[in-house]
Amino acid sequence: MTAQIAAGATEESLHRATPEQRRARTVGILLLLLAAFVLWIFGLGVESTDTSTFNLSLPGAKYENIKWEVDSRMLSAILAAVIAFLGGLVLRRTYLRWTNVALAISLALTALSFLTWAAAGKSFSLVGMLVSTVVLSIPVTLGALSGLMCERVAVINISIEGQLLTSAFVGTIVGSAANIWIGFIAAVLVGALLGAVLAVLAIRYHIDQIIAGVVINIFALGLTSFLARRVLTAAPELNSPGRFASAKIPFFGDIPVIGPMFFDQNMFVYATFILVIVIHFGLFYTRWGLRSRSVGEHPKAADTVGIDVHKTRYRNVILGGCIAGLGGAFLTLSQVSRFEENLTAGIGFIGLAAMIFGRWMPFGALAAGLVFGFARALQQKLGILGTPIPSEFLSMLPYIVTIIVVAGVVGKSRPPAADGQPYIKQ
Amino acid sequence: MTESGSTPKPDNADKSSQPDPDQPNSEDFLKNATGVGSSLRQALLIPALALLSALVIGALIIAVTDVDSLKLWSSDPGEAFSSTLRGIGNAYKALFVGSLGSRRAITETLFAATPLILAGLAVAVGFQAGLFNIGANGQMHIGGLVGLWVGFSVSAPTIIHIPLAILGAIVGGALWGGLAGLLKARTGAHEVITTIMLNFIALFMVDYLLTGTLFQAQGRNDPISKRADTTAQFPTLFDNYRVHIGFLVALAAVWFVWWLMYRSTIGFEFRAVGANPDGGKYAGMNVAWVYVAVMAVSGSLAGLAGANQVLGLEPYRAFSGFAGDTGFDAIALALLGRSHPVGVLFAGLLFGGLRAGGLQMQGTAGIPVDLVLVLQALIIVFIAAPELVKAIFRIKSVDDGAKSTVSTGWGS
Amino acid sequence: MELALSGITKQFPGVLANDDVNLEVSGGEILALLGENGAGKSTLMNILYGLYTPTAGEIRIDGTARQFDGPGDAIEAGIGMVHQHFMLVPVFTVAENVMLGNEPTKRFGWLDLQRARKTVREISSRYNLDVDPDAIIEDLPVGLQQRVEIIKVLARQANVLVFDEPTSVLTPTEVVGFVEIMNGLKADGKAIIFISHKLTESLELADRIVIMRRGRTVAEVTPANMDEEKLAELMVGRPVDLVVNKTPAKPGEVVLSVENLVVLDDRDKRMVDGVSFEVAAGEIVGIAGVQGNGQTEIVEAITGLRPSLGGYVKLKGEDITTASARSIHKRNVAHVPEDRQRSGLVLPFSVTENIVLDSYYEEPISNGVRMDWPAAQEQATRLVEQYDVRTPGIDVAVSTLSGGNQQKVIVAREFDRDVTFVVASQPTRGIDVGSIEYIHSQIVGERDQGAAVLIVSSELEEIMALSDRIIVMFEGRIAGEFDSSATRTEIGLAMLGSRPEEITS
C-alpha cells in the first residue's frame, strides 16, 4: 500500500532550518558585524595613545578618587574580540538556549566600548551616569509595573502616560497647597482613580481597552493642559511643591559605585525596588498572585472555580493606577518640582515598552527600566563629552529598542493569554 | 424537521460551531464601526447624545475652574451662580460663533476639518481592516516633511508642483505606515506598539532633520524648515479665507476610500482580513501583503494630512511637532464616523468646528483651547460605550451588539 | 445524595434554550444526558453549575431547594463539572490548577504548595489516576488533562460530577480507562451525569439515559431495552439512517501524494514527522486519530496554509510543496476547513460575500480590480438554492445561520467547480443530523464524480462510515493503515500508537 508506517524524518531530509536555528544564525551574524563595528569605530576611532578615565566615586564621597584608567583602543579591541567569540559560539548553534544571553552580554560590552570611545583622552564620571541611570529608570519601571499589574489580569493599560501626567499634576497642586506628603498621597489616589476609570470602561462597558487607554491619555493631556493654563497661570504659587530629599542608608550608602546608585537616593527609589520585590513574590507565591494570573491566562477557568474575575480585575487595575500615581508623584515631587504641560512626554509609553521588554515580569520590568534609564542618562552625559552623535538619535533609542523587542528579535515573549479580552458572563 | 432554526443557540457544547452571542469580538466592532446592523436613527442618536453629554461635562469643568466666580460663592451666591452661567454661556457662544457664526467661521471650520478628515480616513481604513493605526501622527510628520521637501527643492509650475508635492507626502506617509505593516506581517509585532513607537521616532527624526542643512531655513539655529515655494503652496478657495484646495483633496479622498473599501477587490481583501485574518488566509489572500497594503494606504492618507499642515497654511514651513494632535483626534474621528468614509467626513466637520470655535473661545472667553481635547475624549468614551449614554439618558437597550473590540493583546 | 432539577427554563434573547426541563440523579448512578448539538444540554448543565441563572425552575439537593449565583455556590453544594473545553490554566502546574480557588495558605496568603501537592497525590492514588502534581498542564496529553480536571473536582469534595462530552477528546483506549475511573467514582457513591451526543457510549456506560431535543426532555430510557436506531430516532425526532450509502470505490490514478512530510506548529513543535501517503481519484481516504496528533498541520501543509519543514506534496505529479494557498485552490482543490468559524467563513460578512470569498479576484465576480456585486449575488442565489442553505436571504450576515447551514455555505462554495481533490477536516463537527447526512452525501458524490477525497475527523464513526481506506495518525506519524473492513479495536489500538501486529498491506 501507499502509506509509510511510523518512520520519522531524519534531519538531513529537511529543506529548511527550524525557526530557532534561523534566529541563532541571524543573531550570530549580527554579533560578528557588531564586533567588527566596535573594533572599527570605537577601537580604531581613537588615537593609539588615548586613555579613558572613568571616575568611580562622586566628589565628596567617603571614599574619593577611585578611578579606572584604561588604554582606549586596547579595551575596545578586547571587547570586540569577546563579542566576536560570542558570535562564533552562537553561530555554531549548539547552545540555542544561550542565544539571548550572548546577545545581552554583547550589547552591554558594546555600551562599555562606546563609553570608552566617548571618553577617550578625557575623564568621565561613570558613577554619576550610573546614578542618573537609576533615577531616570524610576518612572519607567513604575510605569512598567503599573502596566504589568493590569496585564497580568488581562487588562491592557495603555493609559500609563495619562495616569503619570495627571498624578504629576495633582501632586504638584496639592503638594503646593498643603504639603508634599499630602501631595504625594493625592497623586497616588488620582492614579488609582484613573485606574478605576480604565477598569470601569474596560470591564463594565467593554470598551476596547486600547481605545479606553487612548481616551484617558487624550483626556489627561487636555485636562491638565487646560487646568495648567487656567489655574496655574492665575495662581503660580500652586506650582512649587518642593521635593523629597534623599535619605542615605548608613554604611551601604558609602560603598563605592553601588552606594550612590542604590543606597543614597530618595524614598521613591527605595519604594520602587521594594515594589518590584513585593510584586514578584506576590505574583508567584501567594494566593492573590495565583488568582490574578489565572484571571489573566484563562478567566473562564478562574470563574468556574469560584474566583470573581471582575473583582480581581478591578482590584489589580486600580492598584496598577496607584503605582502609576507613584511614578507621577516622582516626576514632580522628586525630579523637577514643578508641573509643565505634557511633562511626561512619552515616559508612560516607554514604561509600556519596558513591560513588554521585561516579559511581564517584575524583575524584567526593573531591568528594562534600567536599560532605558541608561539610554536617557547617556543622552544627557554625551552632550557634556561633546560626541558627534546627534542627541535625537539617542532619544529615539528606547523606541527603536522597543520595536526590535516586539518584533521578536530578542525572542518571542508571551503575554498573558487572555490579554485585552473582556470577560462576559451570562 | 431537524434544522435547529436559523438562530444560534447559546449552548456550550456548540462552542466550536455556534457564535457565542455574548463574546464581543472584532466582528461586533466592525459591525458597529461600519454601521451595519443599526438603523440610521440609532446611528445618529448616539453621536448626538454623546456630543450633548460631552458639552454638559465641559460646562461643569468650566464652572469648577472659574476661579473668579468661585471666590464669589461665599459672599454672593446668586451673583456667583449667574457669573458662572455667564462664563459657560460666553464660552459656548464663542464656540458656536467661531465655528458656524459667520462666513469666515464656516470657512475656518472647513479649513480646520481638512487635515482631520484625511487623518480620520487613515485611522478608519485601518479599523476596517482590523488594524489599529495609532501612528497617524508619525505618518503625518514624515509625509508632511517629504511633501515639503518636494515643495522647496523642486522648481515647477503650480499645476505640476502641487501634485508632485502631494505625491511626495503620500509616498512618505505610505512608507512610514507600511513599515508598521511590514513589521506586523513579518514578525507579528503588534501595530499598536510599533505605531506608537514610530510616532516618537518620527518626532525626533523631524527634529533632527530640521537642524540639518537639507531642511533648516537659512540663517536659523532653531529647528525650522525652509519655506515651501509659492508654486507648491495650496491655493485658497476664496480670497481672504484660509480654506484651500486641500479640502477638495479631502473630499476626493472620502470618495476614494469609499470606492476602495466597498467596490474594489482590494477593499474586499482588506475587510475580509480585518474581520477574520484566518479566513482571509484560508481564502488564498496574502494576509501579510494585506497588512502592509492597509498600513501603506492608511499612512498615505495621514501623509496627505501632514502635507496640509505644511503646504496649506502659514508659515508654509515645518517646525518641531508640526502635526500637533491631529493624529490622535483622528482616532476619535474614526470612531465617531463608525469607520465609514462619509461618517468620517461629518465627524471631521464637527471636530473642525470644535477646533475653529475653540480658538475663538480661547480668544474672546479666555477658555484654553485644550478644553476641546477634553470634549473630544468625552465624545469618544460615549461613542465607544453606547451603554453609558443609554444609561445616562435612560434609553432602553435595543442593539446590544454595539460593543467594540479591535484588538486582543499584544501577541501576534 | 439526591439531585433534582425541576421545571428548568432558560430564555436567551430570541432563543428558548431550556423549556421546562426535569432531571433527577442519585448517588451511585450514572446518567447520560443525550441530545444533538444545540439541544440545550450544556445550557442545562451550566445552570446546574451556577454559570447561568435559570429564567424559571428549581434545583433541589436532598430535598432542599438551592439557588446558585455562581460556580462557587454550586461547588459548595457538592457539584463538580468537567467541561468539554478543559478549564485549566495551561501555564500552571497540576497542583496550582487543582488548588486554584481553594488554596491552602500559610500566613499572609502565602501558598502552601506542599499541601496542594499532597492532595493531588492522595486523590491520584486513590482513583488510580497517575498524575504528577508538578507537571505543566500544556505539556500533558489531553487524557491526563481530563484526569487533572477530575482531581480538581474531587479535591472540592464533589458528590455530583458532571462530564460534558468527556470522550470526544479521548482515544478508544483512553475511553476504557475513563470508564474505569467513572465506575470507581460510582462505586464510591458519587452521582455522575455525562453529556453526550454519541449513541454507542450512552448505551454502554449509562444506567439511565435522558434524551433532550430542542430544549426539552423528550424521553427517559434504560439502555437494556434500547438500541441505537431507536435512540437516534428519539434524539433527532425522526427515523435516521445511520449508515452512509455508497458503492465500493473505484480508485483511479494517484491525485495527491505526500512524501516524507515534516511540519511544525505555531510553537515550533514538530507535529508532522515524516508522513507519506497517497490518495487516488475516486476514493475516500480517511485520517483517523485523536485530535492534536498532526492532522491539522498535514491539512494546512497540503493546502498551502502552512510551510513544511521537509518533504514533498504533489498534486497529479506536480510539486505543490511551496505553492500558495491560492495557486493550490486554482488547481481545483476544494478545502472544507477544520474550524468553519475560525477560518472557513468571515462571520460578519454576508452570505454573498462568503460565497465569493475565494473567487472574488477573477471573472465573473470581478475584473481583478472592481467587484461585480450583481454577479456575486447571482452566484449566491444560485448556490443557496442548489445546496439547500436555509437562510432568510443572501445579504444577511453568515453568523446568523445555524452551524449546519454555515457548513453548507462552505460546501457550496468549495464544491461548485470541477473538483479534482477534496480535503475536508471535521466536516460535520457540531452540526445537526440532517446537515450531517447532506454533507456526507455531497462528499460521496464528489468521489463518485472522480475526485480524490481526503477526510480528517476525530469521530471514528465518521471516518469508518465514509472512508474507503483509513490512515491512523499518532504523534505526527502514521501508526497504521487499514481498509474499510477494519474493526474499531484495530484502529483504536493504532490511535494509541501501538504498532499493530499485522498491517493490511
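A, B and C label the chains in the order they appear, each numbered from 1.
We adopt the following convention: a contact is a pair of C-beta atoms (placed from the backbone, for glycine too) under 8 Å apart; a residue touches a chain by one contact, two chains touch by 3 or more.
These numbers come from a predicted model, not from an experiment.
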Chain-level touch network, classified as line, ring, star, complete or other: complete
Chain whose Cα centroid lies at the greatest distance from that of chain A: C
Higher-contact pair (C-beta pairs counted), A-B versus A-C: A-B
Rounded Å distance between chain A and chain C, as computed from the means of their C-alpha atoms: 44
Distance between chain centroids, defined by C-alpha means - chain A, chain B (Å): 30
Chain C residues counted as touching two or more neighbouring chains: 46, 83
Multi-chain contact sites of chain B, meaning residues that touch two or more partners: 10
Of all residues in chain A, the ones touching two or more other chains: 425-426
Chain B residues within the chain C interface of the complex: 1-19, 21, 27-28, 30-31, 36-37, 263-266, 268, 271-272, 275-276, 278-286, 400
Chain C residues within the chain B interface of the complex: 12-15, 17, 36-43, 45-46, 83-85, 164-165, 195, 197, 214-215, 236-238, 305, 324-326, 329, 335, 337, 339-349, 353, 357-358, 360-361, 366, 368-371, 390-392, 397, 399-406, 429-435
For the chain C and chain A complex, residues of the former touching the latter: 46, 49, 51-53, 70-72, 75, 81, 83, 86-92, 96-97, 99-103, 105, 108-111, 152, 254, 257, 260, 262, 264, 268, 273-278, 307, 309-311, 469, 471, 474, 477-481, 499, 503-505
Contacting residues of chain A [partner chain B, same complex]: 154, 156, 158, 201, 205-212, 214-219, 221-223, 225-227, 229-231, 234-235, 346, 349, 352-353, 356, 390, 392-393, 395-396, 399-400, 402-403, 406-409, 412, 414-416, 418-422, 424-426
Chain C-facing residues of chain A, complex: 1-10, 13-16, 18-20, 285-288, 290-291, 293-294, 297-298, 300-308, 417, 425-426
